[in-house]
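Okay, so here's the structure we're looking at.
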């Protein structure tokens, strides 16, 4: 009995001790765990590590993996926010944390205030810069998400993905499906007749490299019209150079090789001699500052400068933009310069355009109305003036139509002061501007192609020949 | 031989007092403009850097007021000089040689504009002071008074708000700023361009520092005055040809 | 050859250092010219205070770093509390500062709490409690009456900051809701001196409007009291100077101030138009003048 009692007492004691130990240990574990309980979920993850990304995704999946019916929200609004892992794993963004794109959503109140932030990883203008530059007010996801519904947010001047379908019923975009941009049909969801987002009906091609004389444009040849124009221009240039080399060079009259040899020898010896300074002086005063024209007449200098410096400034700015776009595609300055609605660019373009137009009109007045005796009118000159005038005029018409069709808010559009006036004039007449826009665009582009093609033949040749002849005859001047 | 004699003839245009006043006004104006604009456009980084270089906003304010007082003292000097000239030297403040505007300046202005627009071959026959010289002088002279008036409003707002309603201080602020913009842009760009960049005077017209001009300059820039001087010397009546 | 070697050696030592030094000067000059953006600690905050994630590195360094989570978020650990409550659609839509009891701040900061209760913000809060916005359709945070957390960062509240730093952050904090007032303050002499030029003696928001009381100074006598804290000799007319002189700042119920603002606006319009016209005229005139004289010179006349 006694040993049994003893045994059982020991057993009871041991048991009690065991329970106490377990309780103590359990308590102490509980005590240790308690402070970290909040931080199990609410810790700030390092999104530069795989662990951080996966656990951050897991945090969102805690709720968003579930069947939609499990949510009170769904029962209220009937929109599913369920992100099925099997869909998301097919996405190119499968190794990106949710909050890296939906940057402002993991907070209270739980709603996305700034939308998806593509630009935290992707530069805003990359891949096809010509297309992206024209669509700066269109949010990335509006095109790159596979959903047919888009809308224009007039208050923010942005084209966004719509959360409702054509019947104003809310739709779910939780599938995260990225559009295949190699198909061109996806342009048509905006560029259709009677669209509500302010896009022209036609899907217009991107600008060509030759447009860089006045506008920012990517290094692409673009439309075949421009290829044709460039070819004509090249043929003209080659023809002119061939014509020049028909003449004798330093006494050599037959061998083309000898002519090149002698000619290049002259150029080489001029560049590496003291004469280079007087040549540079000629470049500065006669070519850049147009000294000879000023000697001719003040008003002629003003007319020529209005056209020449405006084109020169526009070319310089668009070339700078191209350069910046290549080397700092995400820069603030680049984005501002690429965007033709940004205050500086809009004002600059309109101002230079008005200058060119003023120069052309002034020249026309002198040519046909006041007719001072020293102005001799030639048909070639008139043709050149008419082409430049029409290109500029169509440019302003196009800008006015773009401001009107695109429903650009007045405070943005006002920077383009001349284009704004044109758009106000157009708004008086209710034509189908959306569909006309494409034709005017092609007219503008064709006129410019004509300019390029005409460059080596008519009066416009002087852009190259006058500086050249000034350089060749610099001693006389 | 002849060239040398021509060059040796010298005409005095500014005495030492006026040269000193111009020099002082020049530096004080630059000082007042830099400090003033660095306070007005303080959100610009360059302005903050400038303020930092001068040792903080307090010293900038002191410097601004110091330069402003110097500027106003220059104006006072000019007034005293005018009184001295009139009553001690018995000079004529309204004659053709004076800095004051005359009816004739309107005609000069119109003729000068006609020359700029290509209606006549050369500039009109200006007298001792051209219309733009008079404009430069009087804009600064009168501008200093209004700048000083608005300036003291901003300097002692507590005192002036005893006599005027509070929003006058706001008006003073607006006028002080706008006039500063006008004055600084005019003096730094237009005055400088007219005095230095014009091909006739390029690279600079140093008369305000040296006080004297040659006979050639006199005949070119102030033919009216030259003719008048010669008329007096030779006793001839053909003054205005 | 010996000369060249000498030249190179020289370039290696003295010249090179000089070159470096001069280019360093250029670099410093470039830095000086680049705009310095005044950036408060708040705007540089990588995690807004409403974020669900707490950066412990920064929390432990903050003024509240010694407190445990439950000390403030006490209701989270209450019995029968389901934390992300999926059955309550409004739970997720609630503004973060509403999800904890701001009265708990009073246990450590009783003085500030008492002053807050006397002030305009508390009055606005009382109004809001009487007529609460409909469930689920709460306005954005900047439209709600503020409590402690709307102005103060609780997780990352920094301590020991200078007056200018505090003041600059205050401008941004108050400016989140009072945008027009922030803009007009920054145009005013106090804002330009205090925020951009870092003058300690300038006045920041609470220096006039009172810390935690946040009074309106529409009453001139009250405003004068505020002015006299710095401008000892101020009279009642001095309080009539418009500090927040923007269009949106002046209430429509104050016809006197409206009239003053209209006068100032008219004068400003005239002054600016006059300035622009005069400058344009003289610039164009000088330009053509130079051209005309160049033309004459080129013609040899």
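Letters are used for the chains, namely A, B and C, taken in the order the chains are written, and counting of residues starts over at 1 for each.
Just so it is clear, a residue touches a chain if its C-beta (ideal position, glycine included) is under 8 Å from a C-beta of that chain, and two chains touch if they have at least 3 such contacts.
It should be emphasised that the depicted structure is a prediction, and the values quoted were computed from it without experimental measurement.
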Dominant chain pairing [most C-beta pairs in contact]: B-C
Farthest chain relative to subunit B (centres taken as mean CA coordinates): A
Separation of mean Cα positions, subunit B and subunit A [Å, integer]: 50
Inter-chain centre distance, subunit B versus subunit C - centres from mean C-alpha coordinates, in Å: 42
Centre distance in Å when subunit A and subunit C are each reduced to the mean of their C-alpha atoms: 32
Multi-partner residues of subunit C (each touching 2 or more other chains): 288, 292, 294
Residues of subunit A whose C-beta touches two or more other chains: 298
Of all residues in subunit B, the ones touching two or more other chains: 118
Subunit B contact footprint on subunit C (complex, rising order): 32-38, 186, 189, 192-193, 196-199, 231-235, 237-242, 245, 260-261, 263-264, 267-268, 271-272, 274-275, 278-279, 282-283, 285-286, 288-290, 292-294, 296-297, 301
Complex interface listing, subunit C residues touching subunit A: 47-48, 50-57, 68-69, 73, 76, 84, 86-89, 92-96, 99, 136, 138, 141, 288, 291-292, 294-295, 298-299
Contact footprint of subunit C on subunit B as seen in their complex: 39-40, 42-49, 51, 56-58, 60, 113, 115-118, 121-122, 157-159, 161-162, 164-167, 169-171, 173-175, 178-179, 181-182, 185-186, 189-190, 193-194, 197-200
Residues of subunit A that touch subunit C when the two form their complex: 35, 38-39, 41-45, 62-63, 66, 70-73, 76, 104, 106-111, 291, 294-295, 297-298, 301-302
